[in-house]
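Only one structure is covered here, and it is reproduced in the block below.
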């Protein structure tokens, strides 16, 4: 499934970029994140406690950054395996652009949920990404809004925006990173 | 074939003897069988990936679980199960063989990756969660177009691409004949992927049996003899040492007419471990791994004269094989059925077809009720409407113009199939009359909008292939498909009758209808005839129950065999009565000369003589016993026919299709038991309604199966079914024994095109072109919206 | 397809149930009717370590009228609500929705509160509760709290109940004398597994004006929520055909549905508009108020 | 999580049974494998198809969605209890005469649904019957003969009630 969307973050581009590469910021913003550690310049491991629908569990995931263009964007890939429940993996391109009031974050994610989850869990998967991404961008916005040097007086709430989707119509708007984490969480948390 | 004129019980509704034990809960389906001591329960680890390399399998934790006996992987079966493949000998087919449990590589979601052996089903499921398989996912391909595209991931390296089957046919001078058309109409049709969804999923149980045979396999299959041969071939077991038994079978629909890897696995394990081994499929596995069907793309070009005459047809059929060829049919089954059936009831003399099948990272496809025929008729019946619309002719008239008339029978069609008899035109006319076609058309406004809904009528005039004999299978390359079926009819010492048939009932009522046939021929009470089938150790060899062959071939052999025994009965009775055997008749359990009906014998008295239970002795040269065996190889095929005419209303506000009237005219030749035929028509038609309106297995582009459950794969409920207006025409075959034609699939074959055409007719005023099934509201609505937008754009 | 093992507890009272929840928290699930929970357990989408079976907590099985609301306990079966005179008389919207909830065998055991707690945005009862402005009484050993639907339904299959809490009661305001209601849904077959639906309630004054409108749509988004723009549009106005169409368009515009194997997002949005228009038309034609 | 067994007492078809089973043991499995009442069939194990439908304290329920342990003390009627070894029940007779079953796998569930339904609605019309039959799925019959059978069974039961 291809997910696309964008959001306005009330902070300047460099601040957003720094945040997106700061394990501590990410850990604070990812709902339920218990640890997020940088293994190398481009590799992270993460442990997240997530409640997705009726499912709640702690899961581990591997996240890799590539095609890095400082202050402009990167490609983030994640993979989580849930044994008998299936798997989730995905890849998202995140791009940053200046805009009055802050920085526009655009993402295109290709998320692949497989195995039992895809076969019997379609109802459960729906909406999860949106919920978690709202939380993620809400927190990111709050945090950056409070950071010195960030664009002042912009609303801290996440900004809905996405227009394109599978059907070409407001399918989902969600943050690529969190979508990846959400589906990975889903795969593990049974 | 000499027609039988003196049927007495044939044609009468006899209520089924099976019902009592089924309704009391006494029937034994696979999972109802008493469990042998030491039974091992299996569960399969299924691949979550459409295509991946298996890097490692760690079963340590699973094996440590109390109650787990072992965990085996593909490599553990390499030595005792040969690579699994059907035997197909037809030009253009390229063989692919597969391990029964994946070795190193998986090719579809649901493929078996490891096998859990446990003391209970619950523990087996617990162990599934503990097996850690490490995969390296590979690029995959799910759709026909994608698999055929250059650069697509190739499933089977030795093929070089994904094309597993391709063949073509063309009549002489086709291009010239095609050019004679005044108009050329083209269309591309698509059918969604569906499957049988028997309410009883599959399963199997192998029991080592050192005394009788070496091994008994209980499996709810439609083809016990073919299963036995396949297992013997792949496991190096003597066929004499393997007994395949079908317990009560909870629906088959063709889905259970395959040989599946698990059937080989349970036998191999039971042999290796010396313990009984059982596996019961759950609904998710049923939807993931049983043979799927359809997912066809049909491109059709028709050249027609201005008066509606179809001058020539070019049909290109592409099908999705799935990851591996199914056993025993391979992907050629639906593909060749579609192209061979397309001419249907029509006088099509100039024909060209191309047919192909590609491998994809999806479950193997195979047989399902209607096999190829709903596709063929969706195409040709869809073209009848389109030719009509193009030429300004009534679609019914286009059909009339091209339908084979009663005086043209017997008729050999363009691909060499003989239509011995049929009611193609009368059936069409009756269907149209029953629904009030002319009045409907006269009242139908040009925009077809009545009371806020678009209303239309759809027609499908179809032929139904049935009772395929050995030549019919051979011509399509099925080298190991016997084609014949067989029976043994025994008059027991007490004069009661046992009939052993090579078939396997899955709810069709054989225990009643075959008794009815034997009783009819032997002149006994049908209740005195017992029927035994679905057991390779009890019945002679045969093909099984699928492709509308039960009544034609099974029924035919029971008639023939009963008559053979009857000859011996009369011979012995003639000797006992000192009468000419030729003059004797068998009636009401007695054998007598009609000239002196009082002077006769009971069948029991004759049987006692045959079994040496009196002092009368036998005539010179006569053997003891009173039985016969018969192997009946029917004609290449026998064509039944029928017509569905459906009136629908389409709501433009929500895209829902409502069936307002549903007329079925059905001709399956000689009817054995009308109520049972009616049941077949109902059941098949409703499966057709499902296929046309709601059922579809959905894979995403990566080959993930998105609806392996019954909330997301929708079956019709009682509320989706209109009352059918059903009429029978009885045009007996002159080629088959008893004049019987098959009855099981026409309902489905008729329903899918009729419904698509009805929706197409209803929306024709809008310019909507309906070219695919299923017609879910979401899809129909979208077509209406686009057409309305286009109309507004024009005005 | 068999459930994983769990520790089983069968409290006799709400207090005991809450004590068990306090002890086991997120490891535990509450079993009432089991019609949503057990399928997930059989498929092992969900494998709770502890199951707290409240079927013996008889005190939780009730439907009673209390100051303008019908109070429905955690153990009240859907089938009981379906045949309840209280529901028929005072909650016509819920009565209209009940036959659409699963099938008879599901309703015989499935509870009203269980379906609400399952929080499926494609299910009937959450939308009914949202349209009725129900209050959700959530109990734990720490005490009781009451929330509205907006707070209760968090997202798809997610409610606001904390791990040590359970939904003890739902309080459904009785319909006013001049209230009219309609429940409509659409599925890919005649019955079962809706693609979209609408629960609607309006009050109409002597002038034929809609004085209060409460609508909630199934399948309109990833959570159960009211169609606020539609309500705002029609309140204070007469329900004529022009307004009814406008309301349908507003519902379509407000919906943010998802695509799945059953329907496109576009279709869902449009059919929600269609259903809103049909519901309003149906209510405009109902007896009870001045038309 | 434990696999510790608990004691379950159930009255099934009028007979008392006591068994020790794991709490996770489904009623369907309990009936089929502990009591060997295999007339109750398993079709989907997620509550949709209705093959496993039994009467639990007089009401139809999915035995695949019930834990036997949780039903301790309940009264269950399975298909084996409808007529026992006596002649067929009027509902069964009606099914037989209408040819309302083919493979018969789903039939026990349909019989349970029909018995409950006609108990609540002794004189239903065809639309009401269709609605009631959504409780179960059949893949063989196309439902039409089942609808006929329920209509006929209603008549038989009404006539039986008049005679009694």
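Going in written order, the chains are labelled A, B, C and D, and every chain counts its residues from 1.
In the analysis below, a residue touches a chain if its C-beta (ideal position, glycine included) is under 8 Å from a C-beta of that chain, and two chains touch if they have at least 3 such contacts.
From a predicted model like this one, the values you see are computed outputs, not experimental measurements.
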Contact-richer chain pair (by C-beta pairs counted) among B-C and B-D: B-D
Intercentroid distance (Cα basis), chain C paired with chain B, Å: 43
Chain centre separation in whole Å, for chain B relative to chain A (CA means): 49
Interchain centroid distance [CA atoms averaged], chain B/chain D, Å: 30
Sites on chain A at which at least two other chains make contact: 84, 116, 120, 122-123
Shared-contact residues (touching 2 or more other chains) in chain D: 22, 24, 29, 45-46, 131, 134
Residue list for chain B, restricted to those that touch at least two other chains: 121-122, 129, 282-284, 706-707, 709, 711-712, 716-717, 719
All chain pairs that touch each other: A-B, A-C, B-C, B-D, C-D
Contact set on chain B toward chain C in their complex: 121-122, 125-126, 129, 282-284, 653-656, 693-694, 696, 698, 706-707, 709, 711-712, 714, 716-717, 719-720, 776-778, 781-782, 785
Partner chain A, residues of chain B touching it in the complex: 45-46, 48-50, 109, 128-132, 137, 284, 287-288, 700, 702, 704-709, 711-712
Touching residues on chain D, where the partner in the complex is chain B: 22, 24-25, 29, 32-33, 37-46, 48-49, 51, 78-80, 82-83, 88, 92, 95-97, 99, 101-108, 111, 126, 129-131, 133-134, 137-147
Chain C to chain A touching residues, read off their complex: 26, 29, 37, 40, 43-47, 118-122, 154-158, 163, 221-223, 256, 258-261, 264-266, 269
Chain B contact footprint on chain C (complex, rising order): 1-2, 4-5, 43-44, 186, 188-193, 195, 260-264, 266-267, 270-271, 274-275, 278
